[in-house]
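Pasting the structures in now, so scroll down.
One chain, chain A, appears in both complexes that follow, with chain B as partner in the first and chain C in the second.
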Partner chain A sequence: MRLRRIGRIARWEVTKGAGTLDRKTVFALVVLALLVGVVGVSAFDDGGGLEDGIYVVGVDAESAEGDPYRQVVAASPEFRLEETTITAFRLGESDADVFVGGPRLLESDGSTKGDAAYAAFRDAIERYNYESMLAEPDEAAAFPVTVSVQYQERAPASADGSGSGDASSGGFDGSGAEGGAGSGGAPDGASSGSGEGGGLGIPDVGGGLGERIEAGTPSALSPPFPFGPLILAFLFVVPMNFVIQAYGSTILDERIKRRGELLLVSPASRYEIVAGKTLPYLLGLVAIVVVLAVALEGGVLSVLGALPIALVFLAATFVGAMLARSFKELTFVTVAISVFMTTYTFVPAIFTEVTAIALISPLTIVVMDLQGESVTLGQYLFSTGPFYLVAAVLFLLGIGLYREEDMFAQKAIPAKVVDALVSRLHGYRSVPLLSILFVPFVFVGQLLAVALLFPAPEALALPLLLVFAAAIEELAKSIHVYAGIARSRFDASLRTALVLGVLSGGGFFVGEKLTHAVQFVGLPDLPAGQVVFGQALTSDPLLVLALFLVPLVVHATTATISAIGASYGRTQYAAAFVLATLLHAGYNLGVILLVV
Partner chain B sequence: MLGSEATWSAKWAIARRELASLRTEKTIVLAIVIQVFIAAFSSFLVVGLVSLYDPTSVEGGELVVAVTGDDPEALLAAAAERDGIDARWASDRSSAYSAFEERRVAAVLDASRDADGRLAVRVTAPDEGIGTTLLIVELRGLLEDVERTERASSVDRLETVPLAVPADAGASPYFGFTYTVLLPLLLFLPVFISGSIVVDSLTEERQRGTLELLRVAPLSLADVVDAKLVSMAALAPVQAIAWLVLLVLNGTAVANVPALVILVAALALIVVGAGVAIALVAPDRRQAQLLFSGTVIGILVVASVLPEHPANTVAKLAVGSATSVTWLLFAGYCLLGAATFFGVRWGVARLEAESL
Partner chain C sequence: MIEVSNLRKEYGGFVAVEDSTFSVARGEVFGVVGPNGAGKTTTLKTLAGLIEPTAGTATVAGLPAGDPETAAILGFLPEESPLYEEMTATAYLEFFADLYDVPRAVARERIAETLDRLDLEHRERRIGNMSKGMKRKVAIARALVNDPEVLIFDEPASGLDPLTTNYIVEFTRELSEAGKTVVFSAHNLFHVESICDRVIIMADGNIVARGSLEEIREAHGGTTYHVYATVETAVGVAVRENGHVRHTVSDMDAVDDVRRRVETEGGRVVDIQTHTPSLEEIFLDVARREEAR
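And now, the complex of A and B:
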């Protein structure tokens, strides 16, 4: 019954979507595509001409037309020739950035641009030499050196791990805040070679190089491009950016002129409506991913790695479309989702071969699969688990808003967020549950903060990081408590506030430890023991237990402070929140000082 | 039609309302954050890639390689001249390869003379991702040095003597990228965003039916559309100025700033005008946005048949290498912008308001 309704709504969605795409639009798009195809192929053969004529090269006006340096200028489109004299150039009377007057005379005008032009001209001379040598009849004299390169697997080094730095985990309580990637793999000590070179069908971007032999002259030697699989994995993310545009439109369309009313009064529940409207887009994405995986010779794992990314894309867009007040806002929300998600999945995957932390992005799973490496179940869960959870929570929150009073009213966004949270609160037991569900968001937020503050000076970054890490945890523990009290799900008494605070803090603590457990299973390389139990300061089991439980007390205390604030009103909640954050940050600082 | 005082103030009111809605929705904040993100991301990628292919830009220890074979002298001599490579002579091949297997050396270079008197070098390199890339880049430099000296010794057999390559002088490897990619990107993004906002704004008014309410106001549909067009097109040069100021503060010299700002304004008129036209013709938002993005991409690609791509025009103006072609194109864009503005006005005036 339920499935049939979902199927019917999905069918409507597809036929409606296909129906509104009228012939004129399709025709215009086809014409555009043809035009772009025809012109694009011919124009971008020569690199698009972006650099054409940006440097001006001065040559002596007296020099012959056949002067080789004039030919170098003519052969490289990035230069424009200007006839001048060396004295005029030195006096700054010509536009030239560099002056070339013979074998020993190449001069920059001293500006940054002149220096860049100098370097570019140097490269141009080398290219010119190469071209003129190709025309030589005596090949042995023109290219007196031949090179062949053979790539060979080596047995892994016995002393493991010299390549990867020890990166700390995402948790901020027990351990310090020093996150980040290790130093790049040194050429003769990289920790792990890529597995069996599972050669891809596409030239030059293959994963493992295998025992391939390249031969030619030194200049023709092309270094292997190490990010081939990463670029290919990126292809999985690109279509998602387009699909969410259409998906966001269809959700927001329901909210315009009360169109969604008709579905809301039908016997279908809002879960069924949302599932039905989402299904075509999800299936479409899965189909694209499967096709890509087949084309790129990836396996099932590529699909399984891309699926959670697609889910988060859709979930975030759904919430965005439920909150957005206009098309304009929706456009920027979807673009922001695109940019954020692309960066969040792409950047860690760059470090696939360097550090295990790269696994925070499911794209790393795709990269590993394309490289022919094996992925353990623990790694898969660690990598994709937070994404599945985030998608589920976002969909649940969004569905909370899928009702008449939020869909069609122009409410302020914070009020809608509170509504969304309240719809998930069913008595006391929901409070710790929501705290647990927010842990992945905290995890993502903290990682993002580490990444953003990485280049900042340490004296500034560390305190900011401490406060931000504490603030985001406090927010996760208190926002639903505030929502519940503000919408009168809970009465605003001191006793209730105490209970709510302890429940929320306890729930968060459990969620955090669950994350650590997943990390421990997924990434045995990381020093997980000290993350769970703090640094092994002592072997006394009682003290270890006490250290284990201290964070619980801290979480419960700070959550209670904000809960009490929330029971008095909004301003008081804000003040209590700041107090709780500072307390939490102070505790974190204390732990770090104690350990370091 | 344009003259009366009342129309002006009514149009100004619509423009203000349009800008105010951007402010209250915090859309513009999001737009700027997105631009910063895109710029930072592309710079991050370029810096990463440049340092990857230019190992001198990152700190690193010396690479130890083993040289073996019948004729190693040329390689050993060239390696002695270079920083970054420590070539060690291995008298027999098997010891060189076992050193490679045991990871004591990064690569093995096996050099011997072939029948033509050429130096044949067999490189055995590990298959280890980024490390291999760095190693090959470094070895290529070494082998090119060897090639140069070898070629010089048999120069009498060549018809043309290769040109002397000047000494390497330290120049920023990012100079070209800043002017040819980053700057055009930063100047074009606001234009695209303005166009996208106008598409959203007009399709929403049409879908919600509020365009009808506006027509009760004492001004024509053309005036309403006009006000939206101008207010959004004005937003792009303002953002462009902000980016240019930031770049200059960051130490990047930018020439012809007024011309760049005018160019962005002209391009904004063209693109926003196209957005208005699409929004008034397309049946709903999804198709309008699809057509708009398609058109902009189309314009960017088709523009490459011009003597200069618009991005190249921006780069030349900013770097101070503008030619008369650049200035002609600049004037052309300004004319086209004005033409688009009046064309849209003319078209909207002829549009049946009831058909929307």
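And now, the complex of A and C:
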């Protein structure tokens, strides 16, 4: 690949339509972007100020300046003070919605707004009191009762539905607010974070790791839920959903209008064309991520955590745009990608402080970085490695379709998928290689299954995982073999099917060993993880070797069954695939029974 | 310059081109004609490296079609002109010149020269705002931006008015005179006949006729003689036309035979004409025969 040519295509991708915007439109877009940015930051920083001065609080004109109610009004931006008298208030000669006077007089004017002002003012008084207590130098006097709270790691639900936690198994200590960036939680449990250093503060509901001593009321206690950092980390994913719309459109546009044909006859390779067309969108996303990281006081780790997500967003969109036959289909594809990717990255990150499963999402790395936590290289690789690999494989498969016959023809999607796979088959050696390349997909699929099923009772989760884990592995071992036979890359003889099955199973076995990366984060400690990833059964070297090789035999056998089915046709392949899956699931069950 | 050997292309179960073999010499203008679905475009796209053959080989200047080095010496003009309509003609051509690694100064000079020859005005106008003929000229200029040795023109005048069509045909002739090898496909067989040195006629994925126009005519009957008489004889093929009987025969001996018989039967010969079949007539004849099979 020639970088100069990629750069030229990338520059063209950016500038080809630039001239269609006149100066007024550009100016309007810049103003709009600035407006959205300013309003967004302002709203995030102080709630937007939309409620400032919304309620008018009448205070007795003769009350002293030091009257605590006046202080409450001054401390709460939603209130505006008006000096009046109770008589004037009751006669409706005042603008006040509520009137306060003396220690027990808080009165609404009877209107709906007045009642709302009444409730809001009561909350404001409580908040004011709480903050006054926090400011009290003698903490013991303000909060005479001390409660120790220890959070424990959630144990997965057992078969009978009961869960148990073991305090000694490394639960999370600490409660309420994290130290550092923000202040304590408010009585109502809402965030009241106010960042340091002039940047956007990270609201601190939920606790970080380690033990802290916090003052507060019981209602201020909250589980270790990184709400603030999570929301901020989510901001990294939001722009990706928009950028893929433009990226998918430009790829499909080349196909629908057949404009890509002339690029294909040029000396530029399809790798260079795709790289050049993708680069501006990737760089754009990286720029957005960097700006967000700086604005949110994140570090390089935030960028490195978001980068693989951006890559998978783009790679999945690229493949989707290569498969879609119309902009209507593309819309469906991009929405599906948005929903799946956002769910896959966001939901696990919710459990950042709870379980290692959270690390299946690179967004967890961003959350950890925003919380100021350190991340080990193993954690980073575990979290992002599958994403990088999945993105690479998706791009490779998509590039396999970046040719005249698939770009401009109205082929059925399954036929295109088969074409994409066949484009990577160059003889027998490609078969084990593709099996290896599919391991990240298997890994991601199995991790997702573990994440989705770990809260479920084991009686339900384990059988489902057994079958799913087997099915996804069998698919990864057989789909390219089927494609190769279907497109006559390999002859449909029994001998060839045997060779292909053994090669595919062997390749997958090698790739599967890469999943031992999960050992870095202890995922196999979970029962659900054991089903999928297994665990050591013995320390006897010979037995260890035998057990090491048994999966090889299983993989080769089941892959051969599918390959033989594929050599007879599509229906036979489907039947053989089911048989292989059941055999594989039976093997998995045997392993589990040995472990238990 | 171009060698195609046992070329076969299948799409699923459909055979688009079946065992096609031909060669094109350097500097030759080579025509590919045939009805819709005959396999012309598939053949041309295979030469351009867009389509991978199912079997057989296609080489250009000794290099496999589709090789980046082949692409560098090749100019391809597809039947439709899928241009980037938001770009100006100049920007569009400069972009493609960059892709072909043409030095910027050389590219500018070449683009200006080509557009002058094509008589294209409004070069800074966005392509989307150009007429169909102007767009076609931009597409032709793009195919020439790398000063290719081989040009593959698929229906270059498709859908254009007669004036622009003649302009493009003449331009193709100029390219040929400048030493370019041109593979040319067109529905308008008059144009093919007027500029092509050799031709293949394709039908249902097969080459059904090949050679120079003279050779093809020879193979399909060559020159015939039309003897118009007042009475019908048993010689040749007799057809009534404009009140006379037209006898079509293949040589002068047959003409003499017709004349003698007409006189014997008391009639007289009104006119004798030689007839050279056009490529279109041969093409229609071939197409009919293929359809009958």
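As a convention for this text, the second predicted complex is superposed on the first by the 350 of 596 C-alpha atoms of A that agree within 3 Å, B and C clash if a C-alpha of one lies under 4 Å from a C-alpha of the other, contacts with A are read in each partner's own complex, and residues count from 1 in each chain.
The definition used in the following text is that a contact is a pair of C-beta atoms (placed from the backbone, for glycine too) under 8 Å apart; a residue touches a chain by one contact, two chains touch by 3 or more.
These numbers were taken from a predicted model, which means no experiment stands behind them.
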item: Touching partner for A:269 - first (chain B), second (chain C), both, neither; value: second
item: Partner chain in contact with A:376 - chain B first, chain C second, else both or neither; value: neither
item: First (chain B), second (chain C), both or neither touched by A:261; value: second
item: Chain B versus chain C as contact partner of A:53, first or second or both or neither; value: first
item: First (chain B), second (chain C), both or neither touched by A:16; value: second
item: Contacts of A:8 with chain B and chain C, given as first, second, both or neither; value: second
item: First, second, both or neither for A:405, with chain B first and chain C second; value: second
item: First (chain B), second (chain C), both or neither touched by A:146; value: first
item: Residue contacts on chain A - larger count, chain B or chain C; value: B
item: On chain A, the residue positions that both chain B and chain C contact, one per complex; value: 20, 257
item: Touch list for chain A against partner chain C, complex; value: 5, 8-9, 12, 16-17, 19-20, 257-259, 261-269, 403-405, 409
item: Residues of chain B touching chain A in the complex; value: 21-22, 25, 27, 30-31, 33-34, 37-38, 41, 44, 48, 52-53, 60-61, 63-64, 100-101, 103-106, 114, 116-137, 139-140, 143-144, 146-147, 150-151, 153-155, 157-160, 162-166, 168-173, 175-176, 179-181, 184, 196-197, 200-201, 203-204, 207-209, 253, 282-287, 289-291, 294-295, 297-298, 301-302, 304-305, 308-309, 311-312, 315-316, 319-321, 323
item: Of chain A, residues touching chain B in the complex; value: 20-22, 25, 28-29, 32-33, 35-36, 39-40, 43-44, 48-56, 68-69, 72, 78, 80, 95, 97, 103-104, 106, 108, 111-113, 115-116, 118-122, 125-126, 128-129, 132-133, 135-155, 157, 184-190, 193-194, 197, 208-210, 217-219, 221-226, 245-246, 249-250, 253, 256-257, 325-333, 335-336, 339-340, 343, 347, 350, 353-354
item: Complex contacts: residues of chain C adjacent to chain A; value: 11, 45, 48-52, 68-69, 71-72, 74, 76, 78, 80, 82-84, 86-88, 91, 95-96, 98-101, 126, 142
